[in-house]
Structures are given as C-alpha cells and as structure tokens.
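Note that chain A is present in both complexes that follow, paired respectively with chain B and with chain C.
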Partner chain A sequence: MGLDLSGRQYANVPLQEKQRLFDEVKADLRYDDYLFGCYECGICVAACPSARFYDFSPRKIAQTMAREDVDLFYVMLNDSVWDCSQCFSCDVCPRKNSPGGLITLMREVAVKNGLPSAQQALEGYGRVVYKIMATGTQVSPDMLQDNAFPDWGPHVKDISQNLDVWRRALPPDTMHTTETSWRVDDKTIHELYLIWHMTGVMDMIKEVDEGLFMILQDVMEERLEDAGYDVSFD
Partner chain B sequence: MIPHSAILKPSSRTFVPDPGRAPTEDYHELIFELEKEGEWEVQRVPEPYIEVHNKYGRTKKIPLQKTWHHKSCGQCGHIPGYSTAVFWINRKLGLDYIDPTDQTSCTAWNYYASATSNAAAQAAVAMRNFAAAAETGYFPIIHCATSFGHYKETRQQLLHSPELRRQVREILAKLGKKLVMPEEIVHYSEWVHAVRDRIAEHQVVGMDHIRATIHPACHYHKLVGEDAVYADEIHGRQRSAIITGLLQALGIDVRDYSTWHDCCGFGFRHILVSRDFSRSFAVQRKIEVMKEEADPDVLITHDTGCVTTLDQSQFAAKAHGRNVGLPVMSDSQLAALAMGAHPYKVLQLHWHSTDNKPFLDKLGIDHKARWAEFEAAVAELRSGAKQYLTWEDCDV
Partner chain C sequence: MSERPILVVGGGPAGMEATRGLAAAGYRAVLVEKRDELGGTPVSGSYAALTPDFRDAGEAMAEMAATIQGDPLVDIRTGSRVTDASGQAGAFAVTVEGPGGSEQLEVGAVILATGFQHFDPGRETQQYGYYEYDDVLTLVDLERMLKTGQVLVPSTGKPPERLCFIQCVGSRDRQIGNEYCSKVCCGVAAKESIEVRKLVPDCRVFVFYIDMRMYGYWEPQIYWVSQEQHHVNYIKGIATQITRTKDGRLLVRGEDTTMGRPMEVPMDMVVLSVGMEPSPGTIEMAGVFGLALNKYRFIDTLGGALDTVTTSVPGIFACGAATGPADLEDSVSSAAAAAMKAIGVVRRAALAGST
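Coming up: the complex of A and B.
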C-alpha cells in the first residue's frame, strides 16, 4: 500500500502537537547542518535504496522540513521514517542536505515521545537494544540461531551447534566469548551504564518499551551497585 | 535506456583535488586550535606514519603500528575471521598493536536502527573509547565503517558545538577520563591500503588470474565523504582508492559494474527485522548486476554490514533461482589469504554463507586438506588437550 500523504489518517491529532514535535526536531543542534533548502532535483531519490522498494522519498522528507509543513511532517514521522536505510547515500545532495540525517533526528523524536508508530517499528528489535545497552557489544555470536536466521543458510545451524568450540578456535584471546562479540572489562561496562544514565538514553527506551526498560534497569543498577555506584534509572 | 557498455566504458575524466572546494573546513586546523584553547587534548599519530590523501587533496596520516584496534561487534560476533585477519596481517608484518578489552561498540548500528540514543550519548561513547586508547599510548584504528563514519560525524559535531563539548567533557570527567581527540580518525582499510605494498611483498598465493568486483561501504565514503582516501591513479579520484589499490597490488583484475555506488541494502534495522528488503536489494542491485556485467570470482568489501548483507542474502535467493553464488569477503581476509593465512583457522570462512570453495580451487588452495586441519584443531579443543587455538597455531 502506498504512503497516504493526505494527512487524513492523523486529522484528529491537534496541530499544536504536530508543531511541538516538529519544533523538537528543529531544535536539535544538528538540524542546521542537515537542511539548506531543496533544488527538487531528485538526485537523493536516485541514490536511495529504500526508494526502490518502498513508497519512500528522501526528497519529500527534505521538502517537507524545508516548507515546515507540520501536517505532512507528522505523516512522515509516523509512516515513512522507519523505511530509511540510514546509508546516507542521499548525502550526495548538491544542496548539501542530509535527508538521512533529518530522519535520524525525526526517529529520535518519535522514540523520545513514545509514538505508537515507533513502538511498532521497534517490535522484535528489543533483544538487540538489550544486547548493546547491557553488554557494550551488539550482535553477539549467540544470536546466530537457525530459527532467527533461517534464510541465511545451513551454516547458521552449524555455528550455533558448535558455538563454544568454534569461538575457542579463534586465535585472538579477546574473542573466546559467546554472549558478547569480545571480552569487555567490567569497568568499561560500568562507564557505559553511567553514560546512558547521564544522557537520558534509558528514559527514551522507557517510552518505547517499558518491559525492556525494567529488565535493563535491573541489570544495570545491580551491576553498578556491586561496583560501588549508587545510581537509579527511575 | 543507456546501454551498460556506455556506463562501463572507462572514463578519462579525473577529479582535480582542491582543498578549497571541500565541503567542510580542514579538521586538522580546528582540532589543534581547540587544543590550544584548552578544550581537549589531541592524540598525535605515532611515527612512523604513512601519508595518503583524502578526496580534496588534504594529507591524512595513517599509523604503521602502535595501533589500538577499535573492534566491530558485527565482525567479531558474526564474521570473526574479518578481525582475526586484520590482527594476523599485523603479526605477519611484525607490527605492534593492542586488541583492547577496555572498548565498547560505537553503538551506532543500534542508533541508526532504533534511534534509542542521542547526540550526547553517542559522542560520549566515542570519546570514552578514544580516551581509553590514549591512556595506552596506542592510536585508535577503527574496524567498522559505520563506527568510522559515525565517529567522523561526531567529530564534526564536537568541533562546532561548544555546548556538546562541555557536556561530553563533564561526562568523561565523572568517569575520570580526559577529552582526547585523535589527530586522525583512521579506518582499518585505510591502513590495509597504506601497507598494500608490504602485503604484496609477502604474497605467496598468486592472484593474477582472479577477477574481482568491489563494494565501497556507504559509511566509509558517503558520511563526511571528504575524509576518505582517494588517489589520482585509482579511478581518476572519481571513487575512493580503498580496496582497489590493494587488489591491484596483488595482481587482481578489478572489474567495474554499473551499480557500484549503490548501498548493499543493510539498512541497520532491516538486516535484523526486515530482511526481505535487504535481501532483495543486495541480490537485485548488487550481486546479480556484478555477475551479469563483470563475471567476478569474488566480491571484496570493507565493512561489517556489507560483508554480512552481500554474503548472507544469497542463500534464500538461490532457492528462487536467482543468479547468485558470488563469494564475499573483506579486504583484510583476502590480503591475509594472499599472504598464506589459513582459510579456516585465520579467515574462518566457515562462518560465511556463500560457497567459497570454487574460489579457493581457483587459487590452488586445497580446502579439503585445510578443513581437515581445522577439524583436527577443533578435536583437540573438544578433547580438552588444548583450551584455545592460538596465534602460534596460525604461523604468526
């Protein structure tokens, strides 16, 4: 189904709410480096992988933001931004726009405000968020399970069945791990948790996945307490 | 429709480098200026270094050794031969390096996928890792192209936002760390490019009869693209010199194809939860185009997501009768293979999906014997005779 740009689907959302979210995107320190106008040349669309498979257009993102069309912005915020590949091929823009960069900011605002569309886009992604937040590395060896990646081939089953011994068959001694991509020091993990705490990242996760937030909160507060830190993520 | 032959005809056009035309100012000047103002310390590239040039002709210093390897979670987790090959080459060339455990992921894969972070957190993660490197006296070298691109963007933000610098400096102070910006942000493939002649001097596997295509990683040459390495003699500076320079040094015939600028289809969230998109794009816009236009023996790329997507997407496509079956590996794996590295103990090719045995056959490598050697080593681990495979088991 194509992208409905009419805005009818969000007619019941107050204009002030759309404006508030738009202003939040515009207030980001990176915004002025990502948007300079639009020649409407479409070079960004020609370079965009997502535009070939979805009803998605980086040009429309740039134009919507440049025109400050808050109704259309709200449509894009909910129904378009999660199709972006974040490859930044659109940085080829002769006007020096970065539609991909604008989308990063829009996604952040969608998450921070707990929009249902963001929650839906991130369904099934919680395990990945857990890994990176809790362990400091993202795609761990133990994620390679044949039921998770049946389309990658039979080697995935071989890896999962031989995981422990094949990890020990890696010459770098930092990589004999199965739950993380490499061995990360405890002190390093504590520092990462403190960064999440000081920058409000956990508050963002709470908005889109409260269950995941609670699990992470337990893990992080316990490890920090064991290390002598008195930190609460509430 | 423009015929492929017209697109593929070698272009005589060249890009004339002019630092004055670069879209961003010279970061070197700015980072040293901020150091003078007491905003941060700058970690110098250790000598001896190798000078290369970025797109607009600015000089970039690549450290030869004393490198602190900022590993990639996707490489170490799912393609472990990728990072192992980088370390193996260092050891084979007798170069000093650190494989640190005081390192986190850049967390950018998750950021570009889920946006569950923000500019301050991302900058703090980057600068925590850089501070950890500086504490060792070794210079950071970044394995993942997304980490590399993201860190370049972070550097731009820190250069131009006193508020972000203040915020990150305060966070690091609470962690007992200083704000330290490296003089250069270096991708491992730039190091491979810089030492390609040394690699070629150690080449023991002939590759003159090999045809290859390359895929340049988006986050290497599109994110802050002016800080990527280019050379007059490679594609007339119209494209990054990385990978092509290495392959040419090894005698490989690097073949062109019309969709070289396209992304691989990784998509960050897509490769994990919307793989129909990643698979379709990788197969239809990259693999099939390469096979049809260039008939390569192997596809070489230089990033975590690109190796993953281009390799793992071919299995399902094969079931649909698509024109696939092109082995994929990193430039580090190919370089190590050329230098005689073991295809399973070092390159760890059994973690890859697409059949690479025809390629090994073409190189004259007895993969059955090499696999038997690997299995014998694994049997020793299973029996408890040994706990781990070590570098000594890999001839370095």
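Coming up: the complex of A and C.
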C-alpha cells in the first residue's frame, strides 16, 4: 500500500492550518529559485536514488507545489519530505526546478512548527544531534569497529580491519580519534553555540525535542557563561 | 499577352495574405469572400486577442485588410461566392455571384483559402453536456466573453472561482473520426487561461490535457507564462464526464494520471477546447473546382512536407486551414507559398501565349 494521496488521513487538520504552512514555505526567499513550473515529466524521479527504494517522488513534490494543492502539500509535508536524501540529483530539471530545494524548505517549516512527522523523523538522531551540537563533530574513524554500529551493516567489519591503511590512502588528515575529534577549540565551540542560538537552530530543537533542548541548554549556557557570555536560551 | 488575374477565395488571414502578396509582386488579384466583411474566422468568431502574441484580433485583421483595400491591382468582392468553374491552368472561367448579380471572370490561377470551422461539441457526443449546461462553453464562446472584458459564469452572472479547460475536444479522436491534432487549441487555451487569470485573479484555472502541444516559441511565450506567472494548473488527464452537483456547480470526473488517482472536481465553468474541421466553404469550393479531399475532408495537397499548397488540379492551390489544421503562422506562410506558385502559373501562361 503506497502513500495515500487522498489527504483523508489529515482530514481533521483545518484547511487554514495547511494553508498557513504552505504560505510559510512559499514565503521563503529561495522558493522562486526552486520552483518555476512542472512538466510532470519525471526526469527528477529517474535521477532520484530514494525513489528506487521508497514510495517517494520528487516530481509529486514539485507538482504539488506548482499546483498549489494545499491538501496534498500537507500529505507531502508530513510524509514524503523525510524520504529524500537531499542529494539534489533532481536538479537535472529542464525547467530548472529543484524538488530537493523545495524539500529543504518544507523540512525547515516542518521542524520549525514542530510537526509530529518532524519529531518522529528526527527521533532516532537525538544522540547524533547532541554530539554534533555539543562538540561540533560526530563520528571519528576509530569508531568504525565491527561491533560498534551493527546497523551500519556487515561490511563495516571488513572496512574496520584495514582502516588504518584505507585512511592513509586519503590526502586529508582523517586520522582523528574520538579523543582528538571531540576536543574542539574553545573559541570554535563558543562561536558554534552562539550561531546555533542566534540563527534559531536552538528554537527548532526546542520545537521537535524538548528533552534534547534542555540537555544542550545546560551544556551550552554553562560553557558560554564560563567564557564570559551572558546568554539565555529560553 | 498580359497575365490573367488570380482568383483568391476566402478573405481570412490566409486569403488576405495571398492577395497582398500577389499585388505586392505586381499581379492582379480578385478576392471573393462570402461574408460581408474581410477578416475571416478571427472576425466572424469574435476573437478577442490572437495567439500567441495577444494582439487585438479585430485590429490585426483590419490592418491586414487595409494592405489590400484600395489597391488598384486588387478587386475585392465581399458578399459573393464562386458557383461554377471550368477551364484549366492559365485559363479558368469562374462564375461569381454577388450583390450585383452573377458575373463570369477569366482568371489564370486559383488560390483557395476557405478555412475551417470549429468543432461542434454537441454534434457527435453529448459527453460534456455542451447543449445541456449553460456553464459549459467552447474556446470560441470564452473568446467572445473575453472580448467584452468580463468573464462571468453564465448561470449565475458572477465571476468564476474555478474554471477548467478540457483539451482535444473533437481532435485526436478515432471515435469521432478526427484523428488529427488541431494544432492551435493548446496555445489558445493557454492564452485564454492567462486572460482569465488577469481578469479574475481569484479564479483557479485548470487545463486537463493529453499532451500539451506548444510549438516553437509558444512554449516560453504562453505555456510557461501561464504556468509560472499565472499559476494555471496543467493536469494530464482528460475528463470523461461532466455532471452537476447539488449546489448547481459542474462536477468534472477524470483521472489525475501523474498523481495516479481518480479525480472528481467541482468547477464553475468548463471550457471545451474544440478543434478544427473543414468549413462548409472549403468542402463546397472543392466541389466547384473538382479538387480531391483528404480523409478528413480538408483539401488534399499532393506535395507532402515540401509543398503544402499544390492540389489535385493544376493551377489551383490551397492554403491556410483549408488544407488542414493551421495556426496563423502556418496560414500566412502557406498563403505566400500559394501566391508564388499561382504567379508562376499565370506568368508562364503569359510567356507561352506571347511566343
């Protein structure tokens, strides 16, 4: 059973609410660069890796927005946008649309408004988000061990066996360990925290994951206070 | 011996352009038009603006007419018809009946520019209820409405909130027998959709189509503009039926093919994008001049893609929508080609006669 495009599943959401969210996407400055008109030709679907694995169509995203079909928009906003890997292969569009770009805008609106779908989509990433936001970085090569991330698949074991050799083959410095990669320069960390605070990222986190927000708030406010900044995240 | 004049039948864009071309080259032309005024279907059909450039149709036709009216080489006979013809290339005798009675003319060649008529959507099938519902119109009906500067739902007198076009009505249809594409309806619908959106900005406009055929520059001139600037919705899928809802609105039933779902949408107005069929004048003149018609009863041309005007009778040429669906660009281009070929016939006849 594929995605239900009838909109029945969201029949209880008032049209004004769907329209409000639609208008918020449309009001984004980037919108006019991401959508012209849609031929409904399917070239974006042909180029899309996600479309091979999921019931997902970048064409339907562009179509829905071009048609200004707010009911269908709400379906897409709550389901389809989370199936995209944001690789922008869909930018092949002959009309110069960017379905992936539209999805970026839709995801931002979903997160900012704390939609259940956004909360659900980001649920599994709490640890990742925490690590990235608290340290500015997440995975280091030495974390690739055969039993560390079973969900990454069996090939991780093979890779981890000769990891040192693989890494030496790459020109950039990739030999960071958990030890070094999570040790971030004070100035960098302060700037990161301030950027996330001032650009509204912390507000977005608060909308989708209150608990995570509170943990990050403790960490960030304390380190900023120690450095002499008077910042409140509330 | 000097050249005989060339007879042009039909005073629409093609006939006027053929006549203008003949006179410009210094040849005498007799233009016979059954209606009382020149301008052809754009005038008799009350077109508001031309496709694709939005020129005022009446003005544009008057401008074409002005290029031949008063030219001493041009003999314009409106309210007249050709009733009989005999002879051969270089020397035809034709009978023209007009307000002043019947007259026989000697002409060297003939150009038929007798055009098309709009498909009558009630003729073969009533599936869209054209004669049943006041709010189901054709492109031509909407054109007439646009000319008044107002788009109003006929049954309520109010501006429409939702209006749709249904493409390919009477075209590309084996059931009806018109297997051809009528070429202009996509462009005309796109043009009218822009005009509707301009006149009634709150009206949502949809175009239900099989393929959108926007040749050459029509693509950026009207199709993209309608979609990108005026937010006209193009939906691939043709309505199968129109019914009425309890509140008196029209209900259009079809498939939203690219979304893969059935569709049942209310509309205040439905505009049928009717195609072209040979005009009665085209069929009548083919009879008078003994020309072969093609399968669809347009005048048959023999030269394929590289000669669009030569008919089955030497010395007689056809142009514009008399030979099949044609837009204005096609019509004036083939008219010029026909004029040049007709000049060739009378000039060679004159040269042969003088030796």
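By our rule, the second predicted complex is superposed on the first by the 193 of 234 C-alpha atoms of A that agree within 3 Å, B and C clash if a C-alpha of one lies under 4 Å from a C-alpha of the other, contacts with A are read in each partner's own complex, and residues count from 1 in each chain.
Definition applied: a contact is a pair of C-beta atoms (placed from the backbone, for glycine too) under 8 Å apart; a residue touches a chain by one contact, two chains touch by 3 or more.
This one's a predicted model, so the numbers in the text were calculated from it and none came from an experiment.
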{"item": "Residue contacts on chain A - larger count, chain B or chain C", "value": "B"}
{"item": "Contacts of A:137 with chain B and chain C, given as first, second, both or neither", "value": "first"}
{"item": "Touching partner for A:3 - first (chain B), second (chain C), both, neither", "value": "neither"}
{"item": "Which of chain B and chain C A:37 touches, first, second, both or neither", "value": "second"}
{"item": "Partner chain(s) touched by A:181 [first = chain B, second = chain C, both, neither]", "value": "first"}
{"item": "First (chain B), second (chain C), both or neither touched by A:68", "value": "second"}
{"item": "Common interface residues of chain A - those touching chain B in one complex and chain C in the other", "value": "none"}
{"item": "Touching residues (chain side chain A, partner chain C) in the complex", "value": "5-6, 36-38, 40, 59-60, 63, 66-68, 72, 95"}
{"item": "Contact footprint of chain B on chain A as seen in their complex", "value": "28-30, 33, 47, 49-50, 52-54, 82, 85-89, 91-92, 96, 104, 107-108, 110-111, 118, 121-122, 124-125, 128-129, 132-133, 136-141, 143-144, 149, 151-153, 155, 158-159, 162, 165-176, 180-185, 187-189, 191-192, 194-196, 198-201, 204-205, 208"}
{"item": "Interface residues, chain C side, partner chain A - complex", "value": "224, 227-228, 231, 233-236, 258-261"}
{"item": "Complex interface listing, chain B residues touching chain A", "value": "23, 71-78, 80, 83-84, 87-88, 99-105, 107, 109-121, 124-125, 128, 132, 149, 156-157, 160-161, 163-164, 171, 174-175, 177, 218-219, 222-223, 225, 261-263, 265-270, 272-273, 275, 277, 279-281, 285, 312, 315-316, 345-346, 348, 350-353, 374, 377-378, 381-382, 387-391, 393-394"}
